[in-house]
Structures are given as C-alpha cells and as structure tokens.
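Two complexes, one shared chain (chain A), two partners (chain B, chain C).
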Partner chain A sequence: MKSTQVVIIGGGATGAGILWDLSLRGISAILLEQGDIANGATGRCHGLLHSGARYVAKDLETARDCLAENRIIKTIAPHCVEDIGGLMVQCPQDDPAFFEQWWRAAGDADIPSRRLNAEEALALEPNLAANILGAFTCPDAHVDVFRLVLANIEAAVGRGARFHTYSKVNSIQSADGRVRGVGYSNTLTGEKHEIACEVVINAAGGWAQEAAALAGVEVPVRCDKGTLLVLNHRPSSRVINRCRKSGDGDILVPAGPVCILGTSSMSVPGPDGLTASPEEINYLLQLGAELIPGVADARILRIFCGARALYVPAKVDSAGGREISRSYALFDHETLGGVGGFISIVGGKLTTYRLMAAAVCDCVAGKLGVQSECTTGKVPLRPVDDCKAHRRINELLPLPVAEKMERRLGPAVTRVIEAIDARPELAELVCECEMVTRAELEYVLGEASPIPAQTIADIGRRTRLGFGPCQGTFCGYRAMLAGFQTHRWTASQAAKEFSSYLHERWKGQALIQEGKQVEQLDLSHELYGADLSTCAYSGEPDGK
Partner chain B sequence: MESNHYDVVVVGAGLSGLTAAGVAACQGLRVALVATGPGSFVLGSGYLKTQEILAAGPADELSEAIAFFCEMAQAAGCPFEGQFSSSRHLPTILGDFQSVTFAPRPLWNAEPRNDTSTAIVGIRELSYFDENFMAERLSDQARLLGSSCTYSARQISLARSCGAPTTTLRIAKRFDYDAGFRAELIEALRPAAAGFVRVLVPGMLGLCSREQQIAQFESELGCTVCELPTLPPSIPGLRLFHLLSRHLSKLGVELLQGFPVSKLQIQDGVCMELEVASPGHPMVLRGECAVLATGQHSSTLLGVDCNGHDEQMHPLTSSGSVMAGNLFVAGTALPGSSGSSGDVMEILTGHRAGSFAAATRGHYAAR
Partner chain C sequence: MRQDDFAIDNCLKCSVCNAACPVFGVNAQYPGPKQLGPELERLRLEGISADTEWLEYCLGCHRCDMACPHGVGVSEMIAHAKAKHHKPLVRGLRDWWFARPGLLGKLTTILPAISNFALSMKLARFFMSKVMRITPLRTFPAYTKPNLRTPPARTSEDRARLLFFPGCFIRYNRPDLGRKVIELLERNGFATEVAATECCGVPAAANGDAAQAHAMARANVKSLVAGVDAGMRVVTACSSCGYMLKTGFGGLLKDDRELAPAVQKIAASTLDVGELLIAQSDAGMLNTDFQQANMRLAYHAPCHQKSQGIGRPWFHLLRQIPGITIEDLDAGCCGMSGTYGFKQEKYKISVAIGQELFDSINASQPQMVATECATCQMQIEHGTDFKAIHPVEIMLQAYNGKII
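The block that comes next holds the complex of A and B.
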C-alpha cells in the first residue's frame, strides 16, 4: 500500500495550493481529484483576480486579503495572469451615495485607484454605455484558472508531491479516533486503491459535505449557483465592474480572446447537474448591456454554471470551528470532537486560495510537529525562462503561436521544441483559435507531462483547445485522432471519447437562443449528430 | 426589363435552393440564385439521409421531385443514385455506418460488401484523415452489421507534389487542373491498392471532376475507388455544389455568390424587392417572385411574426394570412421544419416551391 503524510481531497485552486505549500515545507502529500484539474467552482468562475474593489464597501477584511493576494499572485505566477486592470463604472441607474462610500472605503483599504470622469472613462473604454457618470480604476486582473491550478500542481510534483486525477475517495479509514488512510477508485478504469496517511484534508468545495461524511463529521456548506456567459469578443480591454452593491450580471472579464459575463446567484442543493434558464440568461445579457450596450449583439460561445461552496456559520459551532474570516473557514475536526487528523477548508475565493492553503498547512505542520513557515508568497511557481529555448521557438513557430505556447508551457517548451525539431510536421496548428500545435497536444497527452490529459476536455483545460468558436467541432476531432495516433485510445475508445466530449460541448451551447453560434452548433449536429445516435444502435464493438 | 429584375429570385444555394432554381430555369424563366456560400449540406458528407422519408409527402410527388433532382445531377455530371425501398449504409467521418438513400455514384463504392477486401489509403501529409482509425472503426462496425468485408490501412505520400501539411481542398484543385498530378496520384496509389478489390481515399478527387473523369481515374488505376467524408469542407459535397452551379449557369441562372440577402421588402402582400448586403455596394434585386431557401436560421428574414406555411409554400403570419403572394419557402427554412439538412425533404420542398413560383409567372408583372 502507498503511504504518505497527507492526503488532500479536491483538485481545485485550494487543494492545488495546499499541495504546493506542503511540498515547500517538506511534508509528503498526495492530492486526489475525482475529475480533472479545477473540476468544481475553480474551473467555472470568471477568472477575476480580485483587487478587493468589489468587496471593499461591505467587507474590508476580505478586500484587504484580496488586494494582498492579488499582488502576490501577479508576482509568483505572472504566466497565469493578464494584468489588464479594472474599472468600477458608475451607472446613472445606481445609487450615487454608494460611489462616495466606495471611494472612501477604497482609500481605507489602500486600493490604488484613480477617479475618472465620464469622458476619461470612455476614452479608456469606448464601448462603455455613453450615459455612464464616471469610473474608478482598480488593479483587477484576469487569471487563467486552469493554468494557475496546473502551475501549483506542476511545481509541487517537481518537489516530489503526487497528484491523481479521476480518483474519487470512497472511504476514510480511522482507528483510535485518528484517520489512518483513504480508499479511492479510478473513475475511468474502476481500479481501487488505498493510501495510508496521518492527515486528510477536505478541500472538496461543493463536495465538502460528502467528503466530511466519509469521516463521520459535518461541515456547514451551502452551494450557490452562478451562471456565466462566454462572449466571442473583447468589448473592453479591462475588467469592467459595476460600482454598486454586489449584484447579478455586473462583472465582465476579458479572458484571452474571449470575455466572460456574469454572474447570477441562487441557492442549489448540490454542485452537480446545474443548468441555466432562458430567463436567467436574458437577464444577465440585459444587465451586461447596461454596462456595455454591444453585449446585446455579441456572439455567445457557451453558457456555463458553477456552484460556489459558501461557508455558512452555524450559531453553535463558534466554540470549536475557527472562523478565519467571513469568507472562508478552517475546521480542525480534532478540536471539534470529531476524528483526529481530519481538516476541512470551506468557502473562500479563488483570489485568496493561497492564503487558505497557508492556513491549512500551518495547522497540518502543527499536527505533524514540523517546524516550518509558509513560503508560497515568495517562491515563484515557475522557474525563469530559458533564453535559448526562447530563441529557438521563435525560429520554429510564428510569433503569436510561440508566445501563447511559452506562456502555457514554460520550461516544458523545450520538449515541444525537441519534438518539432525531430518531426517538423508537428508544428501544424490543431486548434486555430487558441493556436495549439500538434506538438503541444501530443505533449499534454504524453507521459512526459506532469499531469497527463486523459480526455479531450482535459486537453482543453491544459491548452484551451476547443474554447473558441468551433467549440471542439473541428479541433476536437483532430485531438481525438491525436489520441488515437499516440495510442492513448483505440479507434472505438477514441470515437466514444469524442462523442462524450462533443455532447458536453453541445450542452453549453444548447442554452444559446440565437445568433451565429446557433448556426455553428447546427453544423456540429449535422456533422456528427446522426453518427452519434447510430453509436447507440450499433453498440460497442467489443460487446460492452 | 431592368438588369436587376428576374422572374424568380432564389435565396440560398443548399439542396432546396438549387432544386428550386433548377425547376424554374427548366421552364425558361430568368432566375437569380443569391447565396452567401454553399449550403450546409455540401459541408457535410454529400449524401442524402433517410430520416424523414415517410413524412415527406405524397409518394408520387416525392418520386417526381427526386427524379427531377437525379436528372439534373446526371446532366451536371454528378449522377445521384438510390432507392427509397432499400436501407443501405455508407461510412461517416467517425467511422460509423449511416443509413443512406441517395448518393453520388462513386460514394456507393464504400458500401460494406461481403467478402470484399478494401484498402483505406491515407495521405501522410494530410493530418486530419487517419486511415488506421477508419480501418479499425469500419472493421468493427461492419462486423456489427453482419458484413464479412475487411478493411486494411495503407498510406501514401504526396509531399513532392502538394507540400506538407496539405488539405483535401488543395489536392482536389490539383486533381482538377493537373493531369500530371493525377498520373502521380495513380502511381502512388497503385502499390497501396495491390491485392485489394477497392480503395477508399479521403474525399479529394476534384472539386469539379465529372463522373467520367473519376471513372477514367479508376480504370487507369485498375481498381474501384471511393471517397470517404472528411472534416469540412468535404470534397464530394462541394463537388456536387460546383457541378450543379455550373449546370444552372448553363441553363441561364445568374449566380450571385457571397452576398447575404439582408431584407425583404413586402408591401400589400407582395414581395417587391430583396436587399442584398454586398460590402460597399448595396444591391437591390426585383423578382416576379422569390423563393427563400435560407436554411434553419431564416427568422431574421421572415420576421418573428412568421408562423407556418400553406400548401403552396407561402409563409404565413401568426394570424394565418399569407405574408406575400409571390414569396415561397423551401427546405429547412420552412417554419416548423425539423431542420435537418441533407434530407430528401429538402428536394421535395425545393421542387414544390420552385414549381409554385414558376406558376406565378406574369401574375405580378403589372407591378
């Protein structure tokens, strides 16, 4: 049986941050994720690296945390951040008293901000509604959530930590009131495994209650659904917030070649099977158009929902539960009369993931008797660029392709260069929207990558393949062939994998009611729809 | 008559639009065919599916429409074959078999036939078609269909003549104009075909090659050749479009490609003008009548008030009145159509709309 000191449940930003933090402290750890990286709320958010501006008026402490973390993440993970800045826009529909309240609070929180009149704001962002009254600047940024999670895991794996995707924890073993290990199964192959450990960390987000139940304890988490729209344009070059009490549809984040508009907020029973109603989508679009009128005619690429796992403090648990702030909470179940060696971390925001990880790791280090300090705020997630590799890649690939790939891969780019040098045909672009070469595709599928992709959707999370207008209709097919050619899948496995990938991509487009993307979706249905339905009638060739 | 005035203006160059234009042109009318590009049918496999046959309408009208289309395709050099009664199978892009009713003659060669050995030939420089994938999939699927045919993968290289990487479009263009290239292709295919009854290649045998040219290619190779569908643009569908467009041009149809119709001017129950959004040069077409074959996404042209159609293919308003006496709809543009392209329904409705449009000749001339 494998053994380690710590097992982490959940491969979102928090779990990945914990894995990296522990590896820096020399504590051995294995992270188990039931899906792929950033499977839950992390992969289904705006990708807004908060500067605190949004929270400053209602929650100064969270705002200060956000601002500090915003600065740190820009320093330790520059390759994950597009430092585009943000605006808090004053709309005539909103309460002018709030503008002044915000301005004072921003001063209190030391958020660097400038006050712009309408003319100045429109000069910066000409697509804003003409009737705006003005805007405040703030240091918001866009963070690529998949890359951030991957960067933490890759850095940790580089220091000996282990990470398993598609590994669902089914049991937590304990003896004498302490956890002794976990049992998990591979959700793709069904294989069962066990790991002996001293500490189990529940960082399962929306699934935190489920994980806690395995240890016979409870955590107060409530799932709150948010719906987001991906638009195939960048109508603004900065993050656009609406300067008002936080509400629906008031954030627009430019993210790479697209931008993301959101979000709504409604209580849901759990993180699975979320969907959005047409009314909700129209409502978000209408709100978005109040900020930037062009949004009304923008091409929507897809619509997705995520579940924030909110920490809901119960009245009675103040005795044991150590409430760290209003936004997130750490439970050391040992001190709560539960099982020893079991820790839950719930709530929080993407921007403060590192802070949460640090709190958890301090607690773990205390339990294990390890004298250590958190250094994740200082150590860069990725070593500095190799200049030689940089020169060579610019000889092999067009500049925009080379730049995108370098940002995605970092030092691993040398492997891709070697591959293209050996087989020049690998320089061919497989996904034109996100400029993914065949060489990069083969790299993320191969065993040389720290967390190899298991599915076509996994490839997307590592390279952004399929995130553009075709939504995988063309590049997904090519990725399927690449998986077949590199012996990852047999032909029938490849076809089956592509079919389930497409169905997932179709789901996110099915909610779109009109415009070019609907035509694109129909083309996708024309090309594969009938094929996929015949799969059912013909069954699996191997009789499964 | 003004140069922009036609007897019939057909909007959309998919299966139903091409059929409607053909019907009107065969009656000696002056026809304009306006389209942004080829319809979605030609981006796909290039064969007709069977899904809606039973609901497609009176049998003899359907037979007449199909017969008309097959005749037109034959005259265009791209004969279509098939029968309603038999369910036959052709391979798809995912390596499945799909029920097909009508297809261009060379595509039928890919049917699974008992005791037939087939080489699936890939091109090394063409990355988006994988012969091993196809061979493995089709072997599995043929077994499921109870066929004893066998598929083997072979690969050839066209690096010297086409460069790497290449596309089926580039190969098809060279196939059209370069006899030397066709000879090279035959030389490259010969060893791959040795010992097989037939070879299956990705769709690439010319963008406007007529049936005889493909037959000649086959006889020079000495082996039955068939094309498999690829990612769009799939050449067999595009070829059908090119050949039919040429044929219609010869019949006097004026093709206006690359232009979307942006607005219909309807006044007092008559469609007076069609505005065409050509960049920089706004254009207006006038027609005695117009046929809309613009596919599933025609609501911007027809308006949200459009709700259903009458027996003469006139679109109706939500109150049930005819939107315009000289306006007809066809294909998947039909309100309430289930909206699958590549279906015989498109030919039936295109034929019907074309016939009704032609019958209005002179009716609106006074205006």
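The block that comes next holds the complex of A and C.
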C-alpha cells in the first residue's frame, strides 16, 4: 500500500494550491481528483482575478483579501494572468448613490482607481452602451483557471508531490479517532486503491459534504448554481463590471480569445447535473446587452453552469445566496470534536485560493509538528522562459502559434521543439482556433507531461483545443486520430472517446437558441450524424 | 474593435474560402483566408502578435468573400491586418513606391522619354532587381504625357452627362484609352467629363499603406461629390477603380462621419462602362451600328470585376457585334494583382496562379483576349503569346469597321 503524510481530496484551485504549499514545506502529499484538473467550480467560473472592486462596498475584508491576492498571483503566476484591468460601469438604470458609496469604499480599501466620464470610458471601450454615465477603473484581471491549477500541480510534482486524476475517494479509514488512510477507485477503469496517511484534507468544493460524510462528519455548505455564456470573441478588452449592488449577469470577462458573460445565482441541492433554463439564458443576455448592446447579437459558443460551495454560518437563514458571506471557512474536525487529522476547507473564491491553502497548510504543519512558514506568496510558480528555446520555437512555428504555445507550456516548450526537430510534420496545426500543433497535442497525451491527458476533453483543458468556434468538430476528430496513431488508444477506445467527447461538446451548445452556433452545431451533426452513427465502431482491428 | 465588426462571429470554419483562394491553390504553405482572416482576427483582438509575412501574399482578389456562404468579409479583415503588418526596410520602401503609381506617373511624365528610357535600361533594371526586389522578368508599362482632357461639346443637343473616373493607369499610361472610352460613350449619346481625381487607392491598400489609401479615398470623394450631387453618374473603365468607388471607399472611410453620406452617394452612382452600356442595351438604346467583323475572342473576367457583382457585361456586349465569336474563359484569377506580380519574391506564385488562365487561352487559340483590367492584360501577354486589350477598344473598332 502506498503511503504519504497527507491526502488531499479535490483537484480544484484550492486542492492544487494546497499541494504546492505542502510541497514547499517539505510535507509529502498526494492529491486525488475524481475527474480531470479543475473539474468542479474552478473549471466552471468566470476566471476573474478579483481586485476587490466587486465586493468593496459590501464586504471590506473580502475586498482587501482579493486585492492582496490579486497582486500576489500577478507576480507569482504571470503566465496564467491577462492583466487587462477592469471597469466598474455606471449605468443610468442604477442607483447613483451607490456610485459614490463605491468610490469612498474603494478609497478605504486602497483599490487603485480612476474616475472616468462617459466619453473617456467609451474611448477605452467603444462597444459599451452609449448611455452610460461614466466608469471607475480597477485592477481586475483574467486568470486562466486551467493554467493556474496546472501550474500549481506541475510545480508541486516537480518537488515530489503526487497527483492522480480520475481517482474518486470513496472511503476514509480511521482508527482510535484518527484518520489512517483513504480508499479510492479509478473512475475510468474501476480499479481500487488505498493510501495510508496521517492527514486528510477535504477540498472537494461543492462535494464537501459528501467527502465529509466519508469521515462521519458534517460541514455547513450550500450549493449555489451560476450560469455562464461563452462569447466567440471579445467585445471589450477589459473586464466589465456593473457598478451596483452585486446582481446577476453583470460581469463580462475577456478570457483569451473568448469572453465570458454571467452569472446568475440560484440554490441547488448539489453540484452534479446542473443545467441552465432558456429564461435564465435570455435574462443573462438581456443584462449583458444593457452593458454592451452588441452582446444581443454576439455569437455564443457554449453555455455552462458551475456550483459555488457557499459556507453557511450557523445563524444565517436560507434567503438569497448572495447574503451569505463569500469568505471561506476552515474546519479542523479534531478540535470540533470529530475525527482527528481531518480538515475541511469550504467557500472562498478562486482569487483567494492561495490564502485558503496557506491557512490549511499552517494547520497541517501544526498537526504534523513541522516548523514551517508559507512561501507560496514569493516563489514563482514557473521558472522564466529560456531565451534559446524562445528563439528556436519562433523559427519553427509562425508567430501566433509559437506565442500561444509558449504561454501554455513555458519551459516544457523544449520538448515540443525536440519533437518538431525530429519530425517536422508535427508542426501541423490540429486546432486552428487555438493554434495547437500536433507536437503539443502529443506532448500532453504522452507520459513526459507531468499530468498526462486521458481524454480529448483533458487535452482541451491543457491546450484549449476545441474551445473555439467549431467546439471540437474538426480538431476533436484530429485529436482522436492522434491518440490512436500514438497508440494511446486502440481503435475502439478512440472511437468511443471521440463519441463521448463530442456529445459533451454538443451538450454545451444544445441550449443556444439561435444564431451562428446553431448552424455550427448543425454542421457537426451533419458531419457525424446526430446520433453519432458514423463514429460507432465495431470490431477491433488487432491494434492496427 | 467596433460593433459593426461582429461579422467575425459568422465563420463556421467550413473552409470554402480556402478552396476558392488562388494563392492557397498554388502554395500549400499559405495559411489561407480562413486563418489569415477570421481565425487570426480573434487572436489579434486578444492581443497576440499575429503578424505574419503571409499577409503580404494575399492578392486582395475578394474570391474568398464571394465564396464564403456566411458573409464573413474575409479579405477586408486581411486588408486591415496587412495595414498593420511590419515589413523590412527594402520591401517597405519598394511597396511605398508601388502604393503611389500616381507619384511615379507625375514624376516620369515630366520627362517621359528619359524616364521610360531609364526604366528600360539594363543598369536600372539590375538595380531594381537586386536592390528593390522587383523582378527583371517583366517590363513596366510605358508612361506618357497625361493629356486626357474633357473634350469640347460636339453637339448642342442636351445629352446625359457622365463623370469619367480614369484612375492612374489610364491617366498616366494610356490616355488614348481614356479618349476611346469618351468616344464610345459619345457614340452612345453621352457627354463625358473627365474627373479631376487621383489614384483610386487600390494599389495603396494592396501594399498595406492604409494612410495613403485613406488620403486617396478622401481626396477622390471630395472631388467627385459635387458632380454626383448635380445628378451625374460616375463611370469607370478599370475594374479595380470601380470596386474601390463602389465598396472600397465605404470600408476605408466608415468612421468618417463627415464624408460617409458622400461616400454612399458616390457608391450608388458609380457604374462600370460595360455596366452602363449593357443597361442601354437592355433598354434597347445601345448604338448597334456595328460593321461586320470577323474575329474570335476569348474573354477573361478580372477578379475586381467579379466582386462588383454585376455579371459579365462586356462578354454580353461583345457578343452582339456581328462576326465576333467569344469564349468566356472562366479560368480563375490571373495572379497579377496590380503590383504583386512585379515583386521578386511573389513572381513565382503570381505566374503559377496564372497558369490555369494561360492554359485555357492556349487551348482556345483566340485572335485576341478581351479583359478590362490593365494588369490582367499585362499578365496574359507575359504568360502567353496572345495580345490582350480592353473591350472598349474592340467595340469602338466595331463601330469604325476596323476589326478584321
């Protein structure tokens, strides 16, 4: 049986941050994730690296946390952040008293901000509604959630930590009131495994209650659904917030080539099986169009939902989700009279993942008697790019391809260079929207990558393949072929994989009611048959 | 990025545009309209440096736009990116000249004999090839005195008045062709005035010189608008000028609120000479006083004629001349694209694209090729042994009984 000091349940931002923090403190740990990286709320959020502007009028403390973390993440993980800045836009429909309240609060929290009149704001963002009254600037940014999670895990793996995807924890063993280990199964193969450990950390987000139940304890969280729309391109170049008391549908976040609009808020029983209703989608679009009128006609690429795990302090009633504090809570179940060595971390935000991880790791270090300090605020998550590799990749690949790949891979780009040098045909573009070469695809599928992709969707989370307008119709097919040709999958596995990938991509587009994406989806259906009958594969050609 | 640019969302990635692109057809390394247009545009908006030398290789033929089933406006996106594209010094200098055929025209016409002599001199050609990267395999069109003027009214009758936009080729290289246009229109009952205009701006746009293209567009709009306001129609005899007046100005000056109404009026009043005459013919008003001819012609439709969306007026007009048989070659783009074919690094591609046209001319064995575009004519005469001339000349000869 494998053994380690700490097992972490959940490979979202929080779990990944904990793994990195522990590895810096020299504490051995294994992270188990039931799906792929960022399978939960982390992979289904706006990716707004909050500057605090959004919370400052209501919750000064959260705003201060966000501002501090915003600055830290920008310095330790610049390759994950697009430092585009943001605007808090004053709309004529909203309460002008709030604008002044916001301005004062931003001053109190030291959020760097400038007051713009309507003309100045429109000069920066010409697509904003012409009737806006003005805007405040703020240092909001976009953070690529998949990159951020990967960066934490890759850095930790580099220091000896371990990480397993598709590994669902389904039992927690304890003896004498202390945890002794966990049991988990591989969700792709069904294989069962066990790990002996001294501490178990529950970073299971929306699934925190289920995970806690395995240890026989309870955590007070409630799931709150948010729906997001992905637009095909960026109608703004900055984060656009609506300056009013937090409400629905009032943030637009440019995220790489796309732009994410949302979100609604709705209590749900759990994080699984979430869908958006047509009314919700229309409502979000209508709100988006109040900020940027063009949004009404913009192309939606896909629609998805995520569940925030909100911490419910004892006395708060179950009114609207937003009345509950967004800040996080850490439960040391040992001191709460539960099982020893079991810790739950719930709530919070993506922006504050590092802070939450630091709190957890301080607690773990105390339990294990390790003298240590948190250094994640200072140590860069990725070494700086190597100039030689930079020059070489620019010789091998056209500019945008090289630039995109370098941003994604960092120093690992040398692997791709070696591959293309040996086999120039690997420079072929597999995903034309996100500029993914065959070489990069083979790298993330192969064992040389720190967390090899298991499925086509995994390739997407590592490279953005299939995240563009065709939603995997063309590139997904090529990825399947690559998986087969590199012997990653047998023919029938590859066909099955493509079928389930495409169905998942179709699902994300099925709710779009009109416009170009509907035609795009039709094209996909035409190509593969709406029932995917053209991909159904029977018989095994002996590995050929 | 502005709201009216949301056309980028229309792309379904079907690659129909790639299949229609002449450059893509002969050079598999060319990224193609789909990538240079909508795909890279998303990344340009993202702030990724998506500049690439391949942008220079786009002919600006609009075949991708015509092929796209979803109204993406591919070539305009490419033209915008081309305008921001960074070129090395020498290519930049050469293209600066190429963007200003009017300037070269003005200079050389001060002393046409000497400059034409210089242009044909071995030493000069050696310099152009080695230093300026202009292919020595082609000959420049000769410059002449720009003596195209509005002719005095011949009759006292009240005729419909037209404003003729000659463009720089007719003004500086072939003023005689301009006079033929005027005579042809005269024979059809029109009184023509030569507009005091500049180069239309297509060479500037094609060479990625947005500032110059804008300047030309503004100057031309300002000088044309009075005539148009007075109810005159504008005629063009060069298909690129025609495209520019009808569509190009609108794209270049879309943010110019002051000139926008004038741009629209000019676009709505502009006609290709052939377009005007075919309308006369449809109305039974074409002068059909043709002498009997005896000639086999082949017709090549220039890309910018096609992208005007007016059918093939000259093909149908020439067919009406007794004794003329004419074949529509329908063999794609000639590959010349104005100054493109003169550029040393693009010469091979230019000729490779023209090959289909050359083959079909050779197969057709006409006595002459008719085509409206001056640079298509140059390319045809470069790639085959056949002479290529403007249909205006043929029609005028038919009135005069000079066609064998």
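One rule holds for everything that comes next: the second predicted complex is superposed on the first by the 518 of 544 C-alpha atoms of A that agree within 3 Å, B and C clash if a C-alpha of one lies under 4 Å from a C-alpha of the other, contacts with A are read in each partner's own complex, and residues count from 1 in each chain.
Everything below uses one rule, namely that a contact is a pair of C-beta atoms (placed from the backbone, for glycine too) under 8 Å apart; a residue touches a chain by one contact, two chains touch by 3 or more.
Please read these numbers as outputs of a predicted model, since none were measured by experiment.
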One more residue to check, A:Arg438. First (chain B), second (chain C), both or neither?
first
So, A:Ser492: does it touch chain B (first), chain C (second), both, or neither?
first
Which of chain B and chain C A:Arg408 touches, first, second, both or neither
neither
Chain B versus chain C as contact partner of A:Pro400, first or second or both or neither
second
Looking at A:Glu519, would you say it contacts chain B, chain C, both, or neither? Reply first, second, both or neither.
both
Just chain B (first), just chain C (second), both, or neither: which does A:Phe474 touch?
both
Quick check on the superposed pair: does A:Glu425 touch chain B, chain C, both, or neither? Answer first, second, both or neither.
first
Look at A:Arg234 in the shared chain and tell me whether it touches chain B only, chain C only, both, or neither; answer first, second, both or neither.
second
Under the contact rule defined above, give the chain A residues that sit at the interface with chain B and also at the interface with chain C.
474, 519, 523
Can you list the residues on chain B that touch chain A in the complex?
40, 43-44, 49, 51, 92-98, 125, 127-128, 130, 132-133, 136-137, 140-141, 143-145, 164-165, 231-232, 296-297, 299, 339-342
Show which residues of chain A lie in contact with chain B when the two form their complex.
425, 428, 438, 474, 477-478, 481, 484-485, 490-492, 494-495, 498-499, 514, 518-519, 522-523, 526-528, 530-532, 534-535, 538-539, 541
Listed in rising order, chain A residues that touch chain C in their complex are 82, 126-127, 232-235, 237, 254, 256-257, 293-294, 297-299, 398-400, 403-404, 432-433, 435, 468-470, 473-474, 515-516, 519-520, 523
Could you pull out which chain C residues touch chain A in their complex?
1-3, 6, 8-14, 31, 34-35, 39-43, 45-52, 54, 70
